[in-house]
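One chain, chain A, appears in both complexes that follow, with chain B as partner in the first and chain C in the second.
Entry: the complex of A and B
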């Protein structure tokens, strides 16, 4: 969890910017992103998909979403 | 998790098309020219209706705006997305709202109206849209340098209800104090006897169309600023699809209804001072980008419990009051006496905000 991206409470386009920034440094593997709105979840999923990352799991934690993104 | 079809590519295109079709129909039913829906203009009319400015030609309680917020509230409650939140630099959002409104009123329209003006044949809209894109582009430069306004916090559920309740309050005021033929005042509300404020679709239609658009826009996250921002920042065309659909939908509807009239002069509620059409929208575009949404999107966010978006709306209402009380707003004759100075001040304030607020998250 230490290297999870915590984008909770941040408005557009921050969650996507943070996720893409991480993907520039980490070419593959697993990335965890925490967001707190459906909109952010959709936006991060879409942006990750464009870069070839798959959303393999979404866990609803209270009011937040823990998203797991993977790329081989 | 329920799949949200409105948030798919065809979903957002459909929503853009529906807005594009409904706006010219509202115009046919009485709303001002190329202003079937204009979020900035309609908020300015609301500011006039409650007497925050006394520009006699732009005073009317626009129920489209009420519908946008309440429609978004209903959608967010139905789909369990209502989340009361706020506290992400509210004063900055307020100031951005003020200058977004001032910039929009120098051009005479928000991004929605810029596109509707274009679909109605108003060539000046191209100049305004160019300004909008430049303003948003400047905003993306700040984003790349780490600009952000910090995190919002959860709040009491009731806090998120306040903005929709204010809108319901406006609706109640209209019902208690309806327009009286030939009178500029009814109870506490001001009305226009001539000018754009005197042009409006029937109340019930304005409200129902507003509710419908509020509902589908909340589901689809429709945003005219985000459309260009995402294209510039991420080369993503998702939201842009909605904007293109809006323009095409409105163009076709205008052609069918005989409302298309190509040219730069004698366009409804517009002037052709190109530099200030451009600069006004640079200011508005930059302010919308820094605040994270176009004025429509801010209303839909406010409806789903976002208190920061509600503060932005309040800023726009106060900005409208400044714009008319200080003669900053343009008219069909051209820019207001102090409009140019206000654009300069607004750009300086937005640059200050963009340059200084780069807190590391």
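Entry: the complex of A and C
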């Protein structure tokens, strides 16, 4: 989880912008994003989908969501 | 030198007659229309803009303690005509307040935040964020109305010019606020 994007405690659009910035540098593979609101989860999923990344897993851990995004 | 040329050349010596002073005085001759709820504000804005009036939707000043979260700023000189028009549509404001002191200044409902490569505009409860380089909408958030996910789904990933207008596809106050944010971000770009 060292390279996970920790966007917990940040309000939109910051989780989305952090994720997009990572996707620009990392063209494919796996990205883990941690968020703590349902809205951030939805927004990150939508933005990732627009850039060709799939949400392959979401783990709800107490108040947080650990999202796994992948692109071949 | 003619008298006119003398005044033109020395305009800065007579600031009271300068264009800026005139504009400032005109700017202060404003009033705000206070409505019970936001739906009435939206209806009034549509009615008045259709008739060709230039107005601004703003936040209420601190001194105004009743009405909703939005007010309409109008030129004071047009007050009677505007009220007549609103009476025709049975949508009269609960109060008309001349902007006569700093505490009666309506406040800007827009908040603009620069995130480096991205620009966000917030209008009331809705936020729109674009990538500056290509004007691509990267995020829509806020609100809490049922159509926000739909609005975001339709708009995110499209450029400002390609995107449908929130006012055309939205059905709630969030759609209305998003339209204001959309127009403001277009103006900023």
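As a convention for this text, the second predicted complex is superposed on the first by the 72 of 72 C-alpha atoms of A that agree within 3 Å, B and C clash if a C-alpha of one lies under 4 Å from a C-alpha of the other, contacts with A are read in each partner's own complex, and residues count from 1 in each chain.
The rule is simple: contacts are C-beta pairs under 8 Å (C-beta built on N, C-alpha and C of every residue); 3 or more make two chains touch, one makes a residue touch a chain.
All values derive from a computational prediction rather than experimental measurement.
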Touching partner for A:52 - first (chain B), second (chain C), both, neither: neither
Which of chain B and chain C A:63 touches, first, second, both or neither: first
Which of chain B and chain C A:29 touches, first, second, both or neither: neither
Superposed model, chain A: greater residue contact from chain B or chain C: B
Shared chain A surface residues [contacts with chain B and with chain C]: 12-14, 16-17, 20, 39, 42-43, 46-47, 50
Residues of chain B touching chain A in the complex: 1, 4, 7, 79, 81, 83, 85, 88, 143, 148-149, 151-154, 221, 223, 226, 229-230, 233-234, 236, 238, 292-293, 308, 361
Touching residues (chain side chain C, partner chain A) in the complex: 115, 117-118, 120, 127, 129, 131, 138-142, 149, 152-153, 156-157
Complex contact set, residues of chain A against chain B: 6, 8-14, 16-18, 20, 36-39, 42-43, 46-47, 50, 58, 63
Interface residues, chain A side, partner chain C - complex: 12-14, 16-17, 20-21, 39, 42-43, 46-47, 50
